[in-house]
Amino acid sequence: MSGRPRARALGVTFDGEPGPNNGITDVPGVLVGFRTLIRGQGPLRVGEGPVRTGITAILPRPHAEVLTPVFAGFFRMNGNGELTGAHMIEEVGQLALPITLTNTHACGITRDATIEWARRALPGALDATWALPVAAETYDGFLNDINGGHVTASETLAAIEGARPGLVEEGSVGGGTGMISFEFKAGTGSASRRVALGDSAYTVGVLVQANFGRRRNLVVRGHPLGRRLPTAPGEGPWGPPPSAAPAGDAPEKSSIVGVVATDAPLLPHQLGRLARRMPLGVAWTGGLAYHTSGDLFLAFSTANPAALTARDGALARAEFVLDTHLNPLFDATVQATEEAILNALVAAEPMTGRDGHFVPALPHDAVRRLFA
Amino acid sequence: MSGRPRARALGVTFDGEPGPNNGITDVPGVLVGFRTLIRGQGPLRVGEGPVRTGITAILPRPHAEVLTPVFAGFFRMNGNGELTGAHMIEEVGQLALPITLTNTHACGITRDATIEWARRALPGALDATWALPVAAETYDGFLNDINGGHVTASETLAAIEGARPGLVEEGSVGGGTGMISFEFKAGTGSASRRVALGDSAYTVGVLVQANFGRRRNLVVRGHPLGRRLPTAPGEGPWGPPPSAAPAGDAPEKSSIVGVVATDAPLLPHQLGRLARRMPLGVAWTGGLAYHTSGDLFLAFSTANPAALTARDGALARAEFVLDTHLNPLFDATVQATEEAILNALVAAEPMTGRDGHFVPALPHDAVRRLFA
Amino acid sequence: MSGRPRARALGVTFDGEPGPNNGITDVPGVLVGFRTLIRGQGPLRVGEGPVRTGITAILPRPHAEVLTPVFAGFFRMNGNGELTGAHMIEEVGQLALPITLTNTHACGITRDATIEWARRALPGALDATWALPVAAETYDGFLNDINGGHVTASETLAAIEGARPGLVEEGSVGGGTGMISFEFKAGTGSASRRVALGDSAYTVGVLVQANFGRRRNLVVRGHPLGRRLPTAPGEGPWGPPPSAAPAGDAPEKSSIVGVVATDAPLLPHQLGRLARRMPLGVAWTGGLAYHTSGDLFLAFSTANPAALTARDGALARAEFVLDTHLNPLFDATVQATEEAILNALVAAEPMTGRDGHFVPALPHDAVRRLFA
Amino acid sequence: MSGRPRARALGVTFDGEPGPNNGITDVPGVLVGFRTLIRGQGPLRVGEGPVRTGITAILPRPHAEVLTPVFAGFFRMNGNGELTGAHMIEEVGQLALPITLTNTHACGITRDATIEWARRALPGALDATWALPVAAETYDGFLNDINGGHVTASETLAAIEGARPGLVEEGSVGGGTGMISFEFKAGTGSASRRVALGDSAYTVGVLVQANFGRRRNLVVRGHPLGRRLPTAPGEGPWGPPPSAAPAGDAPEKSSIVGVVATDAPLLPHQLGRLARRMPLGVAWTGGLAYHTSGDLFLAFSTANPAALTARDGALARAEFVLDTHLNPLFDATVQATEEAILNALVAAEPMTGRDGHFVPALPHDAVRRLFA
């Protein structure tokens, strides 16, 4: 692990009780892998670099079981982004295979490579199941040689192969490597919550790839920090803002992709409800789904594997949480989404990318002061 | 029963095996009730008549159990119509309470009256459950004093109270009383199919309120009957077309509401898929969801009552048909929808309504000749 | 006007610039009418009272022009509520006729009565247009004799007839009369924002019927006020919480209906985007779309009346805001939604309803202290 | 051109008036390009072949103008397929860039390669516009080495570069090369209709990649041809059925992707309505959206280029067809969809693919006999 700080280390207080890793991997069986591609500096030469990108792989189940579907739901808060596999999720309420997150010009590659991985790693298995994997993206062209083809099939396979349980790296790692939020360096963040329902306890885990938001809108646990921070070079003690607006006069190609996992047994339509609440956590940090953003949210449950692989007869049985007990899961989803975004911001260090483009880090002191 | 003929009596052949009633009531526990309001003739006097309208009540479960929800799904093929309760169905995948079908200006009355019925018939029950009933409509203002307030709360209560199993009346009955399809008198129709899945057999039952379609488009089991039938008075042996275009220069306020019921255990997203296939059966009869039409489709499953009333602990278990076994249910849905529409047309007799507006019946001879 | 205070009067500061009324009526031509029904006290006698309910009518255009459609969009954040007319809005991107807001057991009555109003007030007009009005609801059965039939067609007609421009009454008025938010008395609230786009200025106006939220979640401009307020009788200086949980062990039938109006020219899909951002403003106040809530949002634009009434030829032309200029409208929508909810809370006075059920007001002092 | 026959050449009669090419290219500016990859025979060797696949490119506007968006709409009839870019279409009602159709394991490649094409062919252009192209797929693994990586970025670029107006090749070409419908060889098909609206005439053009349907369900213009054709080897004069069920006991990975283009000016929500009617044309041929199918439909209008590139000020104006004039466009969409599917079947010749898998052609004689 990177040893990078997380929001709680700066004194930020949150609602709810996190799991041991405070990450999506607290959901048993969920694995996360990264390939972080950072190479070169100086002027952009397409195909050479500088490279500031990567791939995040989320496995809903361990490698050997990843063809066993999970019930899933999807929500489009704002559609200017890509997340493949969504038609299938809305139709059959399931997904299988690893999920990949990367940059906007490469999620096709990671999608197809995920099929290739399954074919190689689990011979014969694809014959009897879907090959419509989820691959999503946010835009890193301000820092990265996004047209250079640096995200490849083999890097995708490596990200998937390397997926593991435990602490989740955050900040400028994997698909989040070149990402920016609130005009600060951001990227990958994760968090989790424990939820007691009846006699059982479940976990809700979130992973975000955060690449959205205007600095003026940044809110940290109710504190409007963004409007107190400088927005022009030399204005304050926390370093300059990004060296240029992320995309000049061009569309601001910002986005957030959020994935919520749980071991609570939920049916597809219930998972859609979880996904639909993730933007409320985004709103708590100041994200308002601006026009150019692709704000796409996915939810899955690892429960009911037997129901999802049943082949004997025509029927199966699925367990599900009664609707009257869903609110604690909604709370957990919103809370973990908020914390995952702040973790992405806190963990990320300043980065200089292509053409000398610079993005500062969120000033930790400013955050600490709020909670002193 | 009315003893009115059905499509099969004219020699029309269909695919699939119907249940004993060849109606939605073949699904065990599903009841249908009607109030048919036909009074007066001559010029329209709002509030007096002529009255050609009514109410159809569909109970997903018998009266005493109708507060036990059923899993449900919804599909909007064309939205120029009303079907209340749909937001709840899309959110929680359930509905409870009787479903009512009536005319466009009265489905608010039947909606609220359904709540009143539940409060009176099942004291205390509403305290703990939803009161967001489904009430849907199609337009009968060509024949009926639609603004006259003839559909009342008490008539709604009577339709619900009168719901029963067995043969379903068809044609100009209940909500279908004043309805027109393909420029012929139509209204209520029903049909069912038996489906074997694994070791079990299930029933798919459909009820439609048919009020859609241009004569030129009418197709009967592949035969383009509509284009062979006269469209001007005195053109042929089957009687004249409607005495005027159903709504003159005004929008043609046509529609079809379709309800598919089954005892096969299906989850909400699977029921949405059944509903989404009903328009394919409509298309087989020549319905193309023209602009002004409200083509709204509802599906529910009577299975899993225990899961839907569970209160102990936080979890329940629901049985469901494996996706790989759904196609026979899709076939049954499309087939029963097609037959229900043709039954509505075959059963309906010619009608003269307000201001002498006349709508002929589908000429039975013309149909018989096709299948001779 | 009631002279009731609004959030700004307590020192609460907001983002953005409000219009002269700081209400939905700042959008030219938009009118609001109320019927507030408060009668009786003591034990509930169904049909007699106590009555704590009403009707809010929103006219997208003045009475004489209200059959001219407006482009419209809809968003279901949580579907456990009713808002009729939504299928039409999603299909053709338009609505016409007054919009009514009332209690859960009466929105059918107000729907049908709206058609009756149009028929009487604008003779002949319905022949050529839709009769699928929007009627929405939230639940007031904790305070009100909700089954008593007190909301009638004639009261609905009066609410519509009485609609007017100018300051919007807030709190326990109209459809908001019996509503509760964050375990405080709430109901109707409104706010507006001015937005400059290019050379022109437009208005975004919001009206909410607020009936949602747990006290512990209440946030006022970032301040977690709810968790600092007492939740048991006698706990603090602000008066007791509601005399019982709003619905005991039964489903908490809470909800919020939000309507956003603008004179900025927007196409239907753009209005859907506005509606989809209203829940972000709700989230800022602590609303998380809990299970039992019906959180339904409607947006319309009064622009393009000529395009919406064109009858010559087959084509019309509509003006629309470029997508690249939408963000200020999104900001305005979220800001006005937040302020409208707080206005509903601040304006409402304590209320005792049926069976002595008591709901306290939000303690103004506690709010003032936050902003001192 | 291939000189392959089309359905009309067999005597099949259709409704409506086709354009000069009776293809999607009758819509001015719409271009179609193909790369057809047929290599090798014998046993499957992944990476070597046999290859029976390809790429179809549809350009909504000519190459130099293809970054000018078109208004667009989408409909998911059945979601077991991929069509990227759909989130953007549903959000902003637009698409830009070429559309590619290919096999299930390669639509990621063609998606990313489309971005690469735009970057190379139109330097600088991507800085200011979207890079979320539409790439869709159907499954050809019964005949093709689908895992062999034969669809490459350079083949995609060639398909796009080669797009041109005029007659559209049909059958086993482009993305349709390895496709099967009703257990006959199928693939790419196209058709068009001329529609008069007011004083103007417009074109509706359809292109399908047809890979769906059970033989027993095949209907040709109302004739249930499928049930009259043999389904076992040697049963009849028309050659054997496919040498094995397309995917044995595994999921039948069938699908249809349909694209409808028009020069009639339509707004996004109106285009969504066109897309939603395409499955009705599919139903007329016997397609019932079986479980495993990905039935995804896209509609776009080439009108309003100025409104879609406006940059001066905050507003633009779009022309649109009045809703009351939409029905002829609905008719045209359904008719052209039906004919495009039959064209795909008629044009395709028998094919032997990997492992000797054989798929017969639709017997032309059997069709001719129906219309003799």
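The first chain written gets the first letter, and so on, giving A, B, C and D; residue counts start at 1 in each chain.
Just so it is clear, contacts are C-beta pairs under 8 Å (C-beta built on N, C-alpha and C of every residue); 3 or more make two chains touch, one makes a residue touch a chain.
Keep in mind that what you see is a predicted model, and the values were worked out from it rather than measured.
Peer 1: Which listed pair, A-C, A-D or C-D, shares over half of the residue-numbered contact pairs seen at B-D?
Peer 2: A-C
Peer 1: Pick out whichever of the two, A-B or B-C, is joined by more C-beta pairs in contact.
Peer 2: Higher C-beta contact count between the two pairs: B-C.
Peer 1: Looking at C-alpha means, what's the farthest chain from subunit A?
Peer 2: B
Peer 1: Based only on mean CA positions, could you tell me how far subunit A sits from subunit B in angstrom?
Peer 2: The mean C-alpha positions of subunit A and subunit B differ by 45 Å.
Peer 1: Nearest whole angstrom, what separates the Cα centre of subunit A from the Cα centre of subunit C?
Peer 2: 35
Peer 1: What whole-number Å value describes the gap between the mean CA coordinates of subunit B and subunit C?
Peer 2: 34
Peer 1: What residues in subunit A touch two or more of the other chains?
Peer 2: Residues 78, 91-92, 251, 273, 291, 323 of subunit A touch two or more partner chains.
Peer 1: Assign the assembly's chain-to-chain touch graph to one of these shapes: line, ring, star, complete, other.
Peer 2: complete
Peer 1: What residues of subunit A sit close enough to touch subunit C in their complex?
Peer 2: 77-78, 219, 222-224, 251, 273, 276-277, 279-280, 283-284, 288-291, 323-324, 326-327, 330-331, 334
Peer 1: Where on subunit D does subunit A make contact in their complex?
Peer 2: 76, 78-92, 104-113, 115-116, 119, 127-132, 135, 147, 247-251, 291, 294, 296
Peer 1: Residues of subunit B touching subunit A in their complex?
Peer 2: 91-93, 197-200, 265, 267-269, 273, 307, 310-311, 313-323, 325
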